[in-house]
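Next up is a structure, given as structure tokens.
Chain lettering (A, B and C) follows the sequence in which the chains are written, and residue indices restart at 1 in each chain.
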Amino acid sequence: MSTLALKGPSWVAVRQHRRVLRAVAGAVTAGLVAVVVLRLWANSPDATGRYVTGPNHGYDLLRLCVQYAGAGLRFLPPLVGAFVAGPMLAREMESGTWRLALTQSTTPRAWLGSKVLVAASVTVLGSAALVGVYRLGWARVSGTYWLYWHDQGPYEASGPVLVASCLLGVAVGALVGQLIRRTLAAMAVTGLVTGLVLLALGSVRWSFLAVETASMPLSGSTAQLLPPSAYLTDAGVLTTTGERLPEYTCFAWDPEVGACKAVTNVTARYADFHPLSHYWPTQLLESGILLALTAALLCAAFRLLRARRG
Amino acid sequence: MVVLEFRIDRRSGIATYLQIVQQTKQALRLGLLEPGDKLPTAREVVEATAINPNTVLKAYRELEREGLVEAKRGLGTFIRRSLGGSPADSPLRDELADWALRARTAGMERDDVAALFTSVLEQHFEGDGDA
Amino acid sequence: MTETVIEAEGLGLRHGRRGAWALRDVSLRLPEGRVCALVGPNGAGKSSLLTLAAGLARPTEGVIRAASRETLAYVAQDKPLYPQLTVGETLRMGHELNPGRWNAETARRIVEGGALDPDARVRSLSGGQRTRLALALALGKRPGLLLLDEPMADLDPLARHQLMGVLMADAAENGTSVVMSSHILTELEGACDHLLLLDGGRLRVFGPVEEVVAAHRLLTGPAAASGGLAAHTVVETRITGRQLIALVRPRGPVDTRTWQTAEPSLEELLLAHLRSPGAPVFAPVASHTAQGVRA
């Protein structure tokens, strides 16, 4: 992180937090090195794609690491937010240094602006780099149990949603850090709020795009119904009138008659699913919503500053 | 070169600007300052004494009013004339010494002599200012 | 007519909606180029007034006009600085945050006067060194108005004298207006030409020191003659046995046959006002302004 080109309050913000900036750069580099090493190790000569013959400790370790990394990266946005709210903002209030900062020639707007700008820049660069590193590792093990594109973890860690979520953290932090003047409390509240927003959004993300539905005669199996890598959201049986019934309704069916024993008018199976092609549109839609939220929160943060400090 | 350093005594009860005026005059009488000498600038005085700059300016204005110094714009404040004091070995001093000896022989205390001297001073130099 | 650097009218500040008033009904006008002592006991509202003048808080009532953020410097009581920066970086910060104003030479001189290592971290500095650095940061900005909250509290006598000298030199050289608070008057006596006494959030005395002192007389006389004081504005009377000592503002000639008069010291004057919370306010300049505004 070169401070040579920086000027004004941005220089100050970077100088204040340079340890954290170095730590971010260090973490990304360490992650990259670890992934490269693990991938080289996992690439045993006879390994073909995702199926590995014989024990492959490199592959197993890579898989484990990718799993934990995916789970861990979900905590990145609350962490980023907590940092902005606590050490960057509330601590200035708590320790009184805001009175120093806000009586310099630069405006309060520039003061908050430089903090948000530095945090956002580092966040975008850092989280994008982490996404890259994650994808590098994930590419080798994706499509396996727990590591499908739609699974929690890989989904959040492998695309722009991570970057946008981290930016949301920055915005929540910029607002909460001004409202709560105690460092630890501001950090806790920001982490919690960011986490809850992301959970809420995560619970509705698979409703952004309409699911695709496939149906087939009762005698087939759902597995044949789905394209490879599809994310199955619902499956069941259909009656002649088109009514959907749970799959267990026809747990027992008569292959001779070709019909369900329990309910006679069941004739077919159906499956609702998101095909792999929904990955990018969903990522982009969710990122868009997150960025809109971020913009609104930043707007509120600057309004709050203006209302208080003019 | 700073030719004079002022000593400010906050507890003396004498106004600060008067202390500067008095000390300048004292230095003139003792020949420590001569015409053409430059007084320290207000900045130099306040940096050394931590007193208010306006106080120094007021003292210098007073000295200027009495014709002792002259402010040259942009250059500083300079001594214009010396004070006609009495050198340490003047006849006046000898007479005063004689008088003091007589007062003592007459049995007067130091404080009595000082009070007497002050009252005579006040009688003859009334309205002459503080120097 | 000189410019005004601080002007307040009916100024009041309350913390919270139902909190106590930290400052109430303060009206004053401080001309440019003055060094003003802001004195009063702890909790008198000194810090509140400085915070308002620095634009860091908004008045609950009334208005205050002071120098703009670009032209004022403010050093809060706890000398806030960023602990993770070094001394050199703190000065660089002054340059970065005050583009076009920063005078590195002034700041460097003050810091070097205290033998501060430019590479030392702020968190490792002593109280006196922090004060020095905070003052360097404030003066390096070349402010027109310098607001200092208890600036000398952490300093030993030598550093106190030296830094006060630096402040006065800056005032002499650049015509900087200075307002500095203290609850110890002697710390500021001699350095200040204006006096502002606050007590319980209210303005008690304000004006040029000479004018304030000249307007008061300390009278000593027989207690039996106390009725004669009614001709003057009485700040405080104290009776010991048959003797009466009064601090008054004469409204006419004082009867010198009954009263022995003396000019009060600044300290006597302030103590008398603090002991008599009901004494009338002395602020000729402020009241003049208020009338002007009302008319």
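Basically, a residue touches a chain if its C-beta (ideal position, glycine included) is under 8 Å from a C-beta of that chain, and two chains touch if they have at least 3 such contacts.
Note that the structure is predicted; figures quoted are calculated from it, not measured.
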Specify the chain most distant from subunit A by Cα centroid.
B
Taking mean C-alpha coords per chain and comparing to the overall C-alpha mean, nearest is chain C
So the centre of each chain is just the mean of its C-alpha atoms; given that, what is the distance between subunit B and subunit C in Å?
32
For subunit A and subunit B, what's the span in angstrom between their mean Cα positions?
83
Could you work out how far the Cα centre of subunit A sits from that of subunit C, in whole Å?
56
Subunit B contact footprint on subunit C (complex, rising order)
34-35, 161-162, 164-169, 171-173, 186, 189-193, 265
Under the definition above, what is the set of subunit C residues touching subunit A in their complex?
51, 54-56, 58, 69-70, 72-74, 76, 78, 80-82, 84-85, 89, 92-94, 96-101, 134, 137, 141
Residue numbers on subunit A that touch subunit C, as the complex places them:
7-9, 11-12, 15-16, 19, 95-107, 308-310
In the complex, the residues of subunit B that touch subunit C are 8, 10, 13, 16, 41-44, 46-56
